[in-house]
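Each of the two complexes below includes chain A, the first together with chain B, the second together with chain C.
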Partner chain A sequence: MAASTQLATLAWRNLWRNKLRTSIMLGAVVFGLVGVVAMIGFVAGLYSNMIQNAIAWQTSQLQIHNRHYLENPDIQDTLLQPKVITDLLATLPEVAAWSERFIAEGMVASARANRGIRINGVVPDQEVRVTPIAGAIVEGAWLDDQGRNPVLVSKKTAERLKLRLGSKIVLTFTDAQGDVAGAAFRVRGIFRTPSTNFDEGNLFVRHKDLAALAGLSGSHEIAVRLHEEDYRAFDTVLAVKTRLQAVSDPGNRIRDWQQIQPLLASILGQMGVSNAIIIGIYVVAMGFGIVNIMLMSVFERTREFGVLMAVGMQKHRVFTLILLESAWLGVCGGLLGLLAGYALMQLLGYTGIALGTMAEGLGAFGADTLFYPRVTASEYALIFVTVVAASLLAALYPARQILRKPPAEAMAEKH
Partner chain B sequence: MKLAWRNLWRQKRRTLLTAAALALALALSLFMRSIQEGSYANNIDNAARFATGLVQIQHPGFQQSQSIDDLVPMADAFIAPVQTLPEVSHLLPRLESFALAAGDQRSKGALVMAGIPSLENGYAKLEERLVAGDFLDDDDAQVLLGEGLAQFLELNVGDEVVLYGQGYRGQTAAGLYRIKGLLRFPVPQLDSQLVYLPLPLAQGLFSTGDQISAWVMHTHQLSQLPALESKLHALYPDHAVLDWQALAPEMAQQILMDRAGGLFMMYLLYGVVGFGLFATLLMMTLERQREFAVMLATGLLRGRLLLLVMIESLFIAALGLMMGLAIAVPVLLYLAAHPIQLTGQTAHMMQELGWDPILPALVAPWLFINQIGIVLMLLLLCLLYPLWRILRLELVSALKGGAHGG
Partner chain C sequence: MTIQTHQLTKVYNADSDFPVQAVKPLDLTIAQGEFVAVMGPSGSGKTTLLNMLGGIDQPTGGDVTIDGQSLGKLSQRALIGFRRDHIGFIFQDYSLLPVLTALENVEFVMQLQGRPESECRQRAEQLLTEVGLKDHLNKVPAKLSGGQQQRVAVARALAPRPRFVMADEPTANLDAQSTAELLDIMQQLNETEGTTFIFSTHDPRVIKRARRVIVFEDGRLTEDRQQEPERAA
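Take a look at the complex of A and B:
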């Protein structure tokens, strides 16, 4: 035990015999790692922002529909026995809120132009507790019980149709009898969400107005928001889903957000792979540098190693010594690099990354223009382990080269 | 020169390793950048062909309103000046609007697009999207539907679809059309919304007369676009001349972000490799201080010595460049001819974003020159300090001192 500590100390001292060279290599490792951490943090931050937004705005954690409605959204296929479901939702402690929606695919028209749109009939009090819509109103107010046929349109739709607060629009869709139903609505408010796709395709009216217009009762969709909002806490979502499935009519289908948008789930899976590739590339590039440094450092001490072996140091200990020197380099570089990377992430986590000029591109992804980088502890650990492993691997070649020389010849070498 | 070459091979391993690190960085960067730029060019071309064209002439209000009231003339007199421009490879009239599409039981808001089928087929390759039925003739009174829309409306080839909406200046637009074929698009927004009509039929439906929403143009090469735009601006001062960046800002910005990400990765990689190069060059100078001192003492001019070191480093860089290019070029040439076809969820994701799920490589001289320039810059940067050390090398102490100064 004492011997191996001694060897480690010796390796540490050897490393610092050429301060300049070691510092350059440490610089390379630190520089590379800060960059890798920044890149991983940026990508993960962007994607998790996108996923959180999609859950918050579009999918919620769970949605319940009639099975027929999911196959082909027919306005007649409302939820079966919604009362049983909402009764249970009211008793579950994990559930923060839910919203019952009446949905119609139709057209919105102003005197100016018209467009296809999804008409969301919502209960105003319920909806605000499920999605952040009330906070996304840029003009006017959220729906309430006052007035006749109020409607909330997106900023984008308002621009397209040249609408202002109080403007009249006509909504048309096919009703339960297969006839075209339509009525005039007045713009009560204008909203803007992070997703341009959502904004282009959705508007909000009151549940009761839309249901009355369609000549139907009930709802097509129940969206459920849980208290636990972190998308990584998927177990809670599944637990609630199982509870709901137990009581719900088998004609309904309960889907979690990963089923509603499988793409989001696949993004999560891919992020791991692409991070591993990025880390791999940088570590290989660093590895080349380390091999070179170790080669130099080992060969200029050929004579010294010859002496060490001649006075009775076993080959495997010399070998270990060289590996340890390289390992120290990896450990120091890894720790310093991650520390610097961590500091940078903390700083950016405080200020946020603002990409205001990229608003439209980010909007197509459904991401905010200000988001926060995100690097998990396991990613830091992975980077550290990879760097140390690479530095050990990089030392193998120089160590083998030096051990192939017979001690006598090594001692005679003048360099 | 000869001396430099020989010196290099005194440390065979080190030279090779440094060159290999450079080669790795070069090959990876070149590979990544070619694929990036290749996909951008492909996406721009693709998006342009079906959606926006590379450049359009529109009514100034159309982009905001997308209204059927904001139109441009289709008359020959209006467009004749464009037909003589040498840059234009395709010139197509298009009419776009919205209408409620209804089957027997259901209806849905639909995106109505109209063009001249024979012209569109040469440009947008619409016929390749056909999954059922037949393609339209120019004077057909039938329509094509997106497959998703047809499924929603429970309609099939041969059935009739009702289009109902707002026509020119508040007139009612209503018509009943037989479905001649179904089109499949990877982008859901199109697949579940599109109704495609021959232009005269759509002009009848919306009562627009001899007017259209836009003249869509494509150039022979992407690089001709700026020249074409400025000519169009001069020819049509009262109309909006919009290029694909203005028509699809989402895509333009996504490309910008993606490119920035790629460049960041590339510079980072070169940075890491640069440190290695710096270490090698510095060691190369420091451990030979005595040798240099001897050379100086025996009458070699300091300028010549600096030149010697520079040539040695240049050799390393050149070696790295050649190795890198030797790896990258054949692969890239192969990929340019046979693009990587993505499959599975990645492909699905790209399609949802409206991109083609292939990764073609762009092999353009500027990409190569760019990389070589970066390597040379890196070399220069790494050489500054070692050269400075040689400049202030003190003869006496270096002659006396050991082989390696620290």
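Take a look at the complex of A and C:
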């Protein structure tokens, strides 16, 4: 038997000398790891859901505006040479769809109340391919070419303004000449998105209706959706952005979703930090547990280690033996814990997590009422490596304590 | 190989107000192939002497030399290697590794020496057969009687072909029959393999089997005599 195999075998058997103690420690490691995986999965699932929703509903992967419009949203600052952009978008294989929008900041008034709102003039056929808004209609129907001045309002707005399907509202905003323009619109549909903030601040009309009312042509915004919808595939977004920048008028500005909503980008950073904190707390707690177990296990065998050194086992091998015992604990606990955690994630990935009473509050952050936790392979790997490394570190102190004793002194211990 | 001590001394708690002189300055020579009993009452310093002769305890004065090599001048790593290759140990409580079988326990030190697996296996089986444990090769120590465990310990001590075997009260926990059988085995191995045996004891049955008896009292050598050993019945 090779020396390394001999040590690994001896360490494995030593680990199981006290089956109850080892099992209890393994149970603690496994149970804790399931908790860690669940926490990471919950945080990642929730944040991912928020980011994915924000991209899907609000920012898309890319948006293009007139630079002046971004600095000061004046209704006259429409996109410069938008056709060049849309012509290129039509040729790019990464691009799934785009939507041209005419936007006006204005007021919505019903017979009962009024409030400030962003009026989104959209091309119905384009918009349904970029955002899931058409699927979020809870009453009525999506916009089409039928009827005069149809409007979609959110459920929240409908409640506040006491609106029903068919209700008449008046939209007013400042037109190209700086005068107040306004017209009556009739509620065609009522929508509800995962974000209460979005719902409170937006309504949808047809592009052509709003542009005609403003006395302008063109659009203020082009939102671009890519085939690759995973927000982590950011390189694709940047590649398309670069292509667009090459042809777009310099007076336009192309922004990716991280630029449009820096909060989303910071959420990504926070995910890493929160994961590190969760793993860190667990690993420290587990480390103390393993130190405790290893101290008991090693000190009750002080005489045995003395005998090992007496019969010719070099100190570095004794040291390795103790580390291997702890490593086995970490490896077994890590594998079993991650396996159990993985099984839980698979189950929750199928059923999802319903937020119940928390959903209303989280709606303000754009999270769905049901979301799916997820843990990536690299996160599993990180947890495993951290657990094994921590178990090795935890064995250093007991090992050093034992090696300080000369064999005769160690053998004189009466454990 | 000859073991020599020169003014070998061991004082415990030397810096305290109550130092204990376990071994008083001792000059001793033990030649290759001897079968030596170190006898004396409990606390007389027998175990301390054996530990120093075997290089597992450091003297506070004097030196132990083996074939002119001073153990005190060896590095810790070299000393452990020296013990592994040249000195076998048998302990009163057997001190076998409880997670290894009898066979694995005997192979253990040979594996530390880096010997080929086949050689380790062959020698371990041969030694365990010689000590009468052919049918117990794959039993862990807990499944063996005290006498059987001590035989495994003897086989383990002899496996790496040491020049010396230090046995600290090897029969203290054994009944009369197991003691007699163990002494037969050690005498036979001493004669066939030429291994030097040095054992501490206050068991008269063991002392009768020795060719040389060193009497230790209060840390001091009081008698060193040769005798005709009693043979197995």
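Before moving on, here are some points about what is shown:
As a working rule, the second predicted complex is superposed on the first by the 414 of 415 C-alpha atoms of A that agree within 3 Å, B and C clash if a C-alpha of one lies under 4 Å from a C-alpha of the other, contacts with A are read in each partner's own complex, and residues count from 1 in each chain.
By our rule, a contact is a pair of C-beta atoms (placed from the backbone, for glycine too) under 8 Å apart; a residue touches a chain by one contact, two chains touch by 3 or more.
What you see is a predicted model, and the numbers here were worked out from it, not measured in a lab.
Ranked by how many residues of chain A each touches, chain B and chain C are led by B. In the superposed model, A:Ile55 lies in contact with neither chain B nor chain C.
When the two structures are aligned on the shared chain, A:Leu163 is found in touch with neither chain B nor chain C.
In the superposed model, A:Ala395 makes contact with neither chain B nor chain C.
Look at A:Met313: by the touch rule set out above, it reaches chain C but stays clear of chain B. In the superposition on chain A, contact of A:Val180 is made with chain B only, not with chain C.
Applying the stated contact rule after C-alpha superposition, one finds that A:Met296 touches chain B and leaves chain C untouched. Contacts of A:Met107 after superposition: chain B is touched, whereas chain C is not reached.
Common to the chain B and chain C interfaces on chain A is no residue. Those residues of chain A that touch chain B in the complex are listed here as 18-21, 24-25, 27-28, 31-32, 35-36, 39, 42-43, 72-75, 105-109, 111-117, 159-162, 172-174, 178, 180, 196-197, 262-263, 266-267, 269-270, 278, 281-282, 284-286, 288-289, 291-293, 295-296, 300, 355, 357-365, 415. Touching chain A in their complex are the following residues of chain B: 13-14, 17-18, 20-21, 24-25, 28, 64-69, 98-100, 102, 104-111, 151-152, 154, 164-166, 170, 189, 193, 249-254, 256-257, 261, 264-265, 268-269, 271-276, 278-280, 282-283, 286-287, 345-346, 348-349, 352-353, 403-404, 406.
Interface of chain C with chain A (complex): residues 51, 54, 56-58, 76-77, 80-81, 83-85, 88-89, 91, 95, 97-100, 107-109, 111-114, 117, 120, 156, 160. Listing the residues of chain A that touch chain C in their complex gives 1, 3, 6, 10, 13-14, 17, 303-304, 306-315, 317, 406-408, 411.
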